[in-house]
Amino acid sequence: MIAFILTFFLSLFVYLVLTAGSGNLGLWSASELTAGVVLSLVTAAVARNFLCRARNYRMANPLRFLLIPVYIIGPFFIEVIKANLDVAYRVITMRIRPGIIRVSSDLKSDLGIFMLANSITLTPGTITVDIDEDTHDLYIHNINVGEGDEAKPVIRDHELFSLANLPRWIRRIAE
Amino acid sequence: MLWNLPYIVVVLLAVIGLAIIFLKRNLIKIFLGVSILTSAVNLFIIALGYREGGIAPIYTYAASEKMVMATPQALTLTSIVIGVATSALMLSFAVIIYKMYGTVNVDEIRELKE
Amino acid sequence: MIETIIHVLVLTGLIVSAVLVYHFKDLLAAAVASGLFSFLISLEFYILQAPDVAISQAAIGAGLTTAIFILAIRSTKRYEEDAP
Amino acid sequence: MRKELSILIIIIFGLFLGLIALDLTFGDPDNTAMDDYFIQNGQEQAATNNIVTTIVFDYRGFDTLGESTVLFTAVIGVALMYRKLVKGDADENE
Amino acid sequence: MRMSKIVRFAADVLFGAIVIFGLYVIMHGHLTPGGGFQGGAIVATGAALVIVAHSYEEVIGMIKKAVLMAQESAGLVMFAGVALIAIGLGTTFFFNFLANSGSLFGMTVPFGPNPGELNTGGVLPLMNIAVGIEVWGGLAIVILYMLSGIGKKEEA
Amino acid sequence: MIDPFYPAVLVLVILICLCFIRLFLGPTAGDRVIAVDTVNTLTVASLVILGLIYREVIFIDVAIVYALLSFVSTLYIAKYLGGEL
Amino acid sequence: MIAEWIIIIFLAIGVIFNTLGVIGLLRFPDLYTRMHATTKATTFGSVFTTLAVIVYSISLYMSTIDSQFIVLGVHALIAALALAFTNAVSSHAIARAAHRSGVLPSPAVVDRLKEAGR
């Protein structure tokens, strides 16, 4: 039931964003609002077992949702810019030292692992290659393995990021 | 301005699709050729209805502007969805043939059928 | 002028991807090239001012056609053997 | 022998299509009376903005009925074929 | 077999978004590009996304073939039924009897890219919904059956 | 003030054509798949800019469909390549 | 006026990073390093070209109070978000599939995943 309500509100939010600027009730017209409610009910009936598969309702708190845009605009974006300059440098000079290393994190929830994996893929010269389903260790391909990193069996997650401590942000959001 | 380059491209695509159908012996490859041929025909129908400098046949601004012809688009629209269903049907034939004969090469199938 | 160049480039890409479908012996690569052909023909419909058809082709060609071909290749075999 | 014949047929067919294609003009269609009628009257007759949908479901709705029947039939064909192919699968869904 | 945890989570999140977007495309078929065929194809592709991310056994528990088959038939019947109502009212087959009538879906439409006037179009929104339901069920069941063909093959 | 968009979309389309080289050469199937993935990304970008050039707001929907659904075919190919299908 | 310069700068950043991504796709030695170029650089570049469109729509909305430019900006934003989301996941899927299918990183100083035997 909670899953149904959560899916309903999320899909209603998406629908209202899609139809913003259509009328004069706020930004929406009356028929759009009615259709949004009906279609969101249909979506909730279809997709209620998918969105909240883990039955973990910690993310139902709206304050955590508001942190996600802050995370994306703030520390994540800075890291993205740095990573892209790094990739541009390596494309031009071809100075690479690749390898697959193992990174451990103490994140437990699905959303946390997901956000960490996507942040790793998009930011610091690394790509998530595989994930250990039990211990949640990530195997990542690093384009420039740091000196001495190839000898260590496991690297902590915050050692990858130099400018902002992204794992701490993710822990604040998702755990 | 473009002369009739799109039609030439349609002809080339049709020739490539026919070449795949005639010259290749693998059933799945032949069905890829059929889908290319279908796309070529769709592109031909859409290109027939194009007007130079026209806009899409949806009234976002006032009427009385030059609009692209709408009937070809309506015909193509349904044909694409039908195309995927029929290609699924063809591919399931191919899967059944593979189950029965152990190959998807049309020559070998013809020999095995004798 | 630039519109014409874009148009010509997209049409060239269409022909090249179709030729690649003919060329590949690996059926998986041929299916990938066929997916690329679908994407480009959707872009071509978009340029020809047919957004309805472009949505249809994007949904069908981007997702379903490639998926169906991959499933069929998985059900049969991957490599097209050379005909004598 | 068969391969050469196929290539010959393809070349002849391609030349035939090419001759047709050289005759047509791109960007300036000839017979547009029907489309002009649809474009000018579709909006007030069916109260829609999208002329393509109007043609698909209103002016040429009969076509669409036929095509959706074709879709239905093709899907039923796939379903029947695979249901025969996979024997043990039939009992878990009925 | 199923894909990794990241892909599964992404598929679960995206499925809802794709379904609501497909319904948006179906519902706005008479105002913006889109309609029953496109929206149904989008939702069916969302179903294909869920199918690919999980294993076949899990998918069988989540998506029922009988429901999809019933959905497809219901869409076709609804489509023909809306067309037949027009005959019952004494007009021709596929006559747009609701347009400009002032009742449900009967308003006239202004010009504009996204005017929010969903309450227009006569029977066209009904037909869009019917065709959307049909295409959704049909294409999803094609993917599901084609997956079932390879589920048992390799072990034999 | 629509001028800078035309050269941008021209460059994007040229880049799409350059991706064919990797599609043709790519030693493994994975290389071909990432070439197609790059083409998807570039196509979405050029679709958005073209929609602005045509001054048609409703055309952007096509780009959203594209961005959401090209993912599915990539996943199918990846699942097949990984031997999990 | 400021908006024009912002648009030009954003478009330039986008186009430059897209170009670098494609050059990396053509130049790098093996699949994983190519994937670095395509995933990061092209996603970043495409998001920036989309941001240019959003800035343009905002400036148009400021000058002409027309609600269709809200629609333009919001839909372009959704397209950019969808692009970033799906690109990250699909590159992970391809990398995992390639490693499972036996394509190992050819110049590599260390490969923990192969040592883990998976």
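So that you can tell them apart, the chains are marked A, B, C, D, E, F and G in the order they are listed, and the count of residues begins at 1 in each.
In this text, a residue touches a chain if its C-beta (ideal position, glycine included) is under 8 Å from a C-beta of that chain, and two chains touch if they have at least 3 such contacts.
Everything numeric here is computed off the predicted structure, so don't read it as measured data.
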Fill in: Any chain that touches subunit F and subunit E
B, C, G
Worksheet, complete the sentence: Overlap of the subunit C and subunit G neighbour lists contains E, F
Discussion item. Among the chains here, which has the CA centroid at the largest distance from subunit B's centroid?
Written reply: A
Worksheet item: Quick check: more C-beta contact pairs in C-F or E-G?
Response: C-F
Worksheet entry | subunit A-subunit D separation of Cα centroids, rounded to whole Å | 41
Worksheet item: How many angstrom between the C-alpha centroids of subunit C and subunit B?
Response: 10
Discussion item. Between subunit D and subunit F, what distance separates the C-alpha centroids? Give it in angstrom.
Written reply: 26
Practice prompt. Mind pulling the residue numbers of subunit A that touch at least two other chains?
Written response: 18, 21-22, 117-118, 128, 130
Worksheet item: Residues of subunit F touching 2+ other chains?
Response: 29, 33, 54, 56-59, 61-62, 64-65, 68-72, 75-82, 84-85
Practice prompt. Scan subunit B for residues touching two or more other chains and write them down.
Written response: 1-2, 5-6, 19, 47, 50, 55-56, 58-60, 63, 73, 77-78, 80-81, 84-85, 88, 91-92, 95
Worksheet entry | Interfacial residue positions of subunit B with respect to subunit F in the complex | 55-56, 58, 60
Practice prompt. Give every residue of subunit C touching subunit F within the complex, in rising order.
Written response: 2-3, 5-6, 9-10, 12-13, 16-17, 20, 26, 28-29, 31-33, 35-36, 39-40, 42-43, 46-47, 49, 51, 54-55, 58-59, 62-63, 66-67, 70-71, 73-74
Discussion item. If we count contacts the way the header does, which residues on subunit B are in touch with subunit E in the complex?
Written reply: 56, 58-63, 77-78, 80-81, 84-85, 88, 91-92, 95
Worksheet item: Tell me, which parts of subunit B touch subunit C in their complex?
Response: 1-2, 5-6, 9, 12-13, 16-17, 19-20, 24-29, 31-33, 35-36, 39, 42-43, 46-47, 50, 54-56, 58, 68, 73, 76-77, 80-81, 83-84, 87-88, 91-92, 94-95, 98, 104-105, 107
Worksheet item: Taking the complex as given, what residues does subunit E use to touch subunit A?
Response: 4-6, 9-13, 15-17, 19-21, 23-24, 27, 50, 62, 114-119
